[in-house]
Amino acid sequence: MALFATILIPLLGGIILAFFPAHRGREIKVFAILLSVATLILSIVLFAAYDYSAGGFQFRESFKWLDHPMNITFSLGMDGISAPMVLLTGIVMFAATLIAWNIQHRPKDFLVLLMMLVAGVFGTFVSLDLFFLFFFYELAVLPMFLLIGVWGSSSDFGTFFRSKEYGAMKLTLYLVAGSVLVWVAIMAMFWASYQAGTPTFSLEELRSVEFNDSYKHFQNLFFPLVMVGFGVLAGLWPFHTWSPDGHVAAPTSVSMLHAGVLMKLGAYGIIRVGLELMPEGAETWLPVLVGLGAVNVFYGAVSAMSQTDLKYVVGYSSVSHMGYVLIGIATLDRLGMGGAVLQMFSHGIMTALFFALVGAIYDRAHVRDVGVLEGLAKRMPMTAAFFAVAGLASLGLPGLSGFVAEFLVFVGAFKTYLPVAVIGVIGAAITAVYILRLLAKVFFGPIRPEWEHLTDASRVELGAAALLAFVLLFVGVWPLPLMDVINAGVIEIPGILGSG
Amino acid sequence: MSLEFFQVLSVALFSIGLYGVLARRSSVLILMSIELMLNAVNINLIAAAAFLDSAFVGQIIAIFVITVAAAEVGLALAIILQLARNKSTVNVDEVDLMKW
Amino acid sequence: MDLTQLAWLIPAFSFIAFFLVVFLGKFLPGRGVWISILAIGGGFVVFWVVLVGFLGADCPMAFGQATCGFSMEWFTAGDVELSWGIIVDPLSVVMLGMVTLVGLMIQVYSLGYMKGDPRLGWYFAVHSLFIASMLALVLADNFLLLYVVWELVGLCSYLLIGFWYERRSASEAAKKAFITTRIGDVGLLIGILLLFDQTGTFSMSGTFEAATAGQIGQGTLTLAALLIFLGAMGKSAQFPLHVWLPDAMEGPTPVSALIHAATMVAAGVFLVARAFPIFEAAPDALTVVAVIGLITALIAASQALVATDLKRILAYSTVSHLGLMMLSLGAFGYTAAIFHLVAHGFSKAVLFLGAGSVMHSMDEETDIRKMGGLRKVMPVTALTFTIGALSLAGAPLLAGFWSKDEVLLAVLDHKNYLLAFALIAAFLSALYMARALFVVFYGKLKDENQHVHESPWVMTGPMVLLAVPAAVVGFIALRVTDTGGFGTFLYFNKAHAFEFSYPLGIASALLALGALWLGWMAYGKGSTLLDPLKARLGGLNRIIENKYYLDDLYQWTIDRIILLVAKVVALFDRIVVNDTGVDGPAKGVRWSGGIIRYHVTGRMYNYALGMVIGGIFVALFWWLLTTR
Amino acid sequence: MSLTTNLHLLLPEFLLAGLAFVIFSADLILAEGRKHWLAWISVLGLIALTVLSLLLLWDRDELMYGGLFHVDAYSLFFKTFFMALGAVVILSSIDFAKARFSSQGEYYAIILMAILAMNIMAASGELLTAYIALELMSFSFYIMVAYLRGNPFSNEAGIKYILIGAFSSAFLLFGISMVYTSVLDTRFVDIADFLANAGDVSPALWVGLGLMLVGLGFKIAAVPFHMWAPDVYQGAPLPITAYLSVGSKAAAFALVLRMFSEAFAPAIDDWRILIAVLAVATMSVGNLVAMSQHNVKRLLAYSSIGQVGYLLVGIAALSQLASNGIMLHIVGYAFTSMAVFVGVIAFFNMTGKEEIKDMAGLADSHPFLAASISIGLFSLAGLPFFAGFATKFYLFNAAANEDMLWLAGIAVLNSLFSLYYYLNVIRQMYIEPKPETADEEHEMTEDGREIVLSQKPSLLLIGVLAAMVLGTIFVGVYPFPIVEAIEAATQALAIAG
Amino acid sequence: MTEVLFGIAAAMALGGGLGVVATRNVVHAALFLLLSLVAVAGLYLLLFAEFLALVQVLIYGGAIIIVLLFAIMLTRSREYPRISDNRQWPLAILAAGGLFGVVTAAILWKPSPDAAPQGPGLAKLGETLFTDWALPFEVASLVLLVALIGAIIIARAGGRG
């Protein structure tokens, strides 16, 4: 029941929340935080209890959902790839719920939707059945529209305007558009298994179904659907534009969860559905993915350089960082893949930290314009410090988790896709440029008089930030616990190459 | 005289009624055209029954068609009457409050 | 137990100090700065233990040198185990000694210099981290760990240069330092990855063995060596990546001392020395190292001659000397380079501390044109500064003299075609040191400087303590013991006892003395503060004063090319990818719906017509499509 | 041939007709203020009849009148479905009818008639029976659509509906006559026999089938026979719009599904592409045009056209799995659609408005209403946790398994399009602020009457709404029992050929 | 002989039909419709469907035409004797012609078997109708009932709604 509980706690909790009287904002928030604490503890326990030496899927649970011929089972399990993701979700969810303390407008609805989102995310990570994987995947997208549309913010850039409605609509439609492709691929896979006489949606059974000879052709045909479909959510270039716009429009907690966790769903999907079920198709198409990933890294970093809105900078940096994940996945190498999974974790924490801090600034200054914010460190020293930590993690500073992940990706990519690895390293340098420029501009230097009145982030916000920063540091210094688990997952991916 | 004669006649009458439905503006005339079409159906049914079918199913169907047609006229005229009261017109192209 | 194994304690002390001061400093008396000093002091003590241990230990030999160390798992990725571990060999021992001593002195000095700063705790914490990283860098036994601490060194320099972040110039300088060195780091990282790709290990010994055994193709090896050197160029401020170092004096002066003497810039030279087996196997790369070093030495020396900012002069001097060290390495002068590194480190520490002392007393004034005759009011500072300056200038018997001689000797032996240039660099070096020394401390004391007084003992004490090695450390090169001196302690492949080449020694001594005399004539004796040399240089002066337009070129590249590209990409992203590629189809769908809706006209007979046409088509289709 | 011996199996139908007569009669004696009792009588009667049908007809599989009428699991399933649906529609009409209808009693009786017609449609195994039941249902709807006599919209809808309806049934009949001319029988099994065995078929048969399709296409509102639907939906009284979009459509599909599987299945290769093309056209037109609608009812009309397209996908991929999919989707769609409609009815009872922009700020004033409508809309768009996701998944998957992956793909793409306009409605309710106008207490109708608006949704509507939402979620989360029942039903519907 | 009768009846039916769709006067249209319907009844006789001919004359000729005339009167359509066609009439001709072409071609594609028309006789027809087809018959009665009630509800003047 432990895995099921990760879904149930937020889900049932959200339903219970819905019955709270709407004006009891404080009780609602406290309850939500309790829920997230429970989930966090649960996810930590699950992660710690995962026996990496045994490997494979653990904490299995399975319930029949639909009989033959559909053969859908509600089956859950956690392996070395999903375990870090579960942990990540627990951490980011906790931080995001803390940050949601600031929500004043209809906090109940907000938290209910947030809990649904989290339930969807957990569900996706632990589902072992394509139907439910897809089910939860869409469930995670569903609340986004309202979360952004109701609680988000619009931005005016002079030359163009991005309303929150636009951001919300685009994000939702875009992600569902991606899922359209995934859906088609899922149907195709079921069809293939049906033809082979063993109709199933189970991830494990699909792996072992004996397909006929045309299956290779089939894989070549449908892998790109999975790649692009999930890739949309992972911010794959050129399907990434929902990400900056959506993140900018979203309220802080949602940006955190979204960039921190939801984007990982895409990458996770590519591994889980794409690589594991269609290894031969993957072989054909991974060079394309690696190319796009390289474009992601470079393009995202360069785009981030000229952004004037803090959230856009972070948004594009997410695009850039997800590029490393994609490259790592595409290397199909144990190191690279392990790096990709670690990068998913690391980027999730890092970007959540970023958004939390940008939100703290925005709540106080009511602008996010890099051109206007100057020298905030004087009034917001802790915010600046944590922002610097996030920034340094982002530019791949050793000692913080980003480095380990990116380094592994580079090592993995170096063997097979040398130019891409070089681009990746250069991308990291570009990241340094824009992050440092941003730090220098926004936080350092003399403070502008109009910001003299600002106060530092609240204790709750700092608490959330401290948790995230601690994780960054911990993983950066001692990645062993994480890597042991990730290795156990990575080696089971079919067609994965050894290193050494 | 063979079945084809009746069939072609039936199609012709059907087409004439069809033209009436498509080209007329007055709802009463449209209704009349529809009656023509239903008659064409009946000719076809009865001819087929007479020439081919020993069970005469066609004739049975035709009875029902006539029944339904009569009921239809009655109901339709009631609605048309109400329309005439409301809008003082029975022309269908003058009732386009709802479109697009 | 093998005492050398304790070496890991040295950086560990300071790492721990960093965390303690950062997290607990607020609650400790004196904001915990003493923890920091205690840690580095402890490190210095352990250094002696390690030194003794090392001399007594029977370490296995690698590349002709006794090498101890151990390593342990950090984490495993796939089937590759990544580890951290230490290497204790003469090179690391020497570096340990210098870094701990200089670091300790500077921290003590900082107590006085930074007194009253609101972020004192943070200052000392980062200081500790800086030193810890440098120490770990020195000890690292694999390239991964080396890269990790290498970056940490960069981070600390960033934090310390930008310590007074409220100053725009400080934050800009910090940024510049970090970014510039990071450009080099890109090379280093790629180089490391390249080596890993070739050898499958990050371990230095493993890599070196593979390199010397010829397992790596010559081209690849040269490329890897050059990439590693790129990293060294960034950290050690070699042309054309040297631009950050002069700006870096925006940080507190003790920080400059630390950067210039012991930590940051030494890392590059150390890296090349550490990776020397690779360079040796790739002689083409070594030539590049030598040439770059030489260019750096000359360019920086020329700039030092025209700079008017005391710290900038010292900074350019550092760059110039780093160039000499690289030149030395490029000329197989392994021992000489490290020797010079040590000698220069002590001297430069003294100089910077002296400069700090001056600034401390003169309200952070750094323009040498506003100084003069300060020896009258700051005797201790003046004395120590003079020792440091003369040492660097290569005045006979002082440390710099011996080490520079070694360098020149190496050049003569292996790259003799560069000797003339090297001598010019040495000459210029003496000249600008003379300029700095005489203009600041000699001549007439200005009226407005009458109130200036000597710094407190916490500052002068370390200066004095450092001036001693700056003066005498050269003698370790001599065969003072039966072991044969520095050259037989630290060497590459074969012991190479110190040889004093009389012709060269005399020549360089004359050169230095000549330069000093010239400096005295030009700057010290005359009361005029017009820079006579600058006036003579004419047009060249302008070029030099504008730093050979390198900064402008970089700025232009950033503003006009990189940022422009970024803007274009961002615009492309918005207009082409988003508004056209994404919104376009969406709008198209929406628009098509808006058009199609007009088929529902509201007229009943239109509907009927549609149905009939549809019916005809369906009927026809059915008829035509049927297979029978 | 003799009269069938199992007449008691028709008891539910007879009793249902009897119930309608009771309502007709009771209407004459009940006082004006108590007319809503009729609704409760109808609902209780329907519940009793449902129970009776389940007890009486469980596990039966018999043919009556020599193949005219099936008593099998399929017809029982739909019987239960239609009666339950009818009860829901009646319950959600009560407030509306009280406020706006002049002849309440007949209204409920006519709904009962429509239910009867639907039951027979699902059970009929022969063209004439099917046709006459279809007409009974259509007549009921013609009346109900035009029920608001003074309202020009209702009037216009009525005239359009009945004229086009009669026109289309002329086509249907002509098609039937041509099929009859070829087959010389009208029983589905005989048609199937003919199609399976006759090697050389006169093209008149195919053309006749084509003309029949015009009539059936009209009933299910498939493109290009759909254009009446938006106008009629918009003009009809709201509960009737709901009933049209769910009941009428479900009944037509119950008939079409049986007809295609029992009669036309042997010629599937001849018409599969055709139906597929119609499906594509239907869902594309429905979903695209819905994007630019301003009226809620009209929007839902186009959206239901889109849903028809999805169901046609199932017809094109005819197999047992696909039949399951169609029926499951119908059930899910019924819950979902009723959830939306009941929500809109409650809104309309309060405001008398039906433009999308009028719903601005609903989430603030009536959060439960807004949430329920949103859940319904999300379900319509096929998002998970709600019925739409599970049922669409099942349906499209079934289509894909019949080598119609491309069609399923287009259908999935269309659900993406549909999400846009559903989100627009949700946007109005949740994001746009409430307009700064005072709530009106009365609405003036076009013929000068004053209607008292309710201040808040009645408990009854809230209850129905909650039930529909729960049903939507139930089907979305645990459709297993329903799928079991459906599988039994489609088992009975042996696909010929 | 029958051919001649068929010719006359067919001509009358088609002529009446054309009159319905072509005339400018509503009342004339109704009378043309009557003509056509009666002619169709004649055709039924030729097909030995005497019961249907009777029904045709009674229901159509009697009931439907009267109702239509009533409706014309009540809706005062006669005040607009110059009724006109809508603007899509050319398309209507094309569509009607197209349908005629397609369906006729399909019918004539294959010759139907040669047979003589025959009728079931009234008794047999009645028996079949009330036994085999009892169910549709009952439903048809409900259709009539519903139509009746509906017509009353909708056409009723005054009152609410």
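A, B, C, D and E label the chains in the order they appear, each numbered from 1.
As a convention for this text, a residue touches a chain if its C-beta (ideal position, glycine included) is under 8 Å from a C-beta of that chain, and two chains touch if they have at least 3 such contacts.
Worth saying up front: this structure is predicted, and the values here are computed from it rather than measured.
Asks: Between chain A and chain B, which partner chains are common?
Replies: Of all the chains present, those in contact with both chain A and chain B are C, D.
Asks: Shortest hop count from chain A to chain E along touching chains?
Replies: 2
Asks: Which neighbours do chain D and chain E have in common?
Replies: Common neighbours, chain D/chain E: B, C.
Asks: Just list the two chains that share the greatest number of C-beta contact pairs.
Replies: B-E
Asks: Taking each chain's centre as the mean of its Cα atoms, which chain lies farthest from chain C?
Replies: E
Asks: Just curious, how far off is chain D from chain C if you go by their C-alpha centres, in Å?
Replies: Distance between chain centres, rounded to whole Å: 77 Å.
Asks: Could you grab the centroid distance between chain B and chain D? Build each centroid from C-alpha atoms only and quote it in angstrom.
Replies: Chain B and chain D have C-alpha centres separated by 26 Å.
Asks: From the mean C-alpha coordinate of chain A to that of chain D, what's the distance rounded to whole Å?
Replies: 42
Asks: Taking each chain's centre as the mean position of its Cα atoms, how many Å separate chain C from chain E?
Replies: The computed centroid separation for chain C versus chain E comes out at 102 Å.
Asks: Two or more other chains touching the same residue: where does that happen in chain E?
Replies: 86, 88, 91-92, 95-96, 99, 102-103, 106-107, 112, 133, 136, 140, 143, 146-147, 150, 154
Asks: Mind pulling the residue numbers of chain A that touch at least two other chains?
Replies: 173
Asks: Enumerate the residues of chain D that touch no fewer than two other chains.
Replies: 128, 132, 135, 139, 142-143, 146, 149-150, 158-160, 163, 167, 178, 181, 203, 206-207, 211, 230-231, 292, 420, in rising order.
Asks: Report the complete set of touching chain pairs.
Replies: A-C, A-D, B-C, B-D, B-E, C-D, C-E, D-E
Asks: Inside the complex, what are the residues of chain C that reach chain D?
Replies: For this pair, the touching residues of chain C are 586, 589-590, 592-594, 596-597, 599-602, 604, 606-608, 610-615, 618-623, 625-628.
Asks: Residues of chain A touching chain D in their complex?
Replies: Checking each residue of chain A against chain D gives 22, 64-67, 69-70, 109, 116, 131, 134-136, 138-139, 141-142, 145-146, 149-150, 164-165, 168-169, 172-173, 176-177, 180, 183-184, 187-188, 190-191, 194, 199.
Asks: Inside the complex, what are the residues of chain D that reach chain B?
Replies: Going through chain D, the ones touching chain B are 128, 131-132, 135, 139, 142-143, 146, 149-150, 152-153, 155-160, 162-163, 166-167, 169-170, 173-174, 176-178, 180-181, 184-186, 230-231, 234-235, 292, 298, 447.
Asks: Okay, in this complex, where on chain C does chain B touch?
Replies: Against chain B, chain C makes touches at 597-598, 600-605, 608-609, 612.
Asks: Under the stated contact criterion, what part of chain C meets chain E in this complex?
Replies: Residue list for chain C touching chain E: 603, 605-606, 609, 612-613, 615-616, 619-620, 623.
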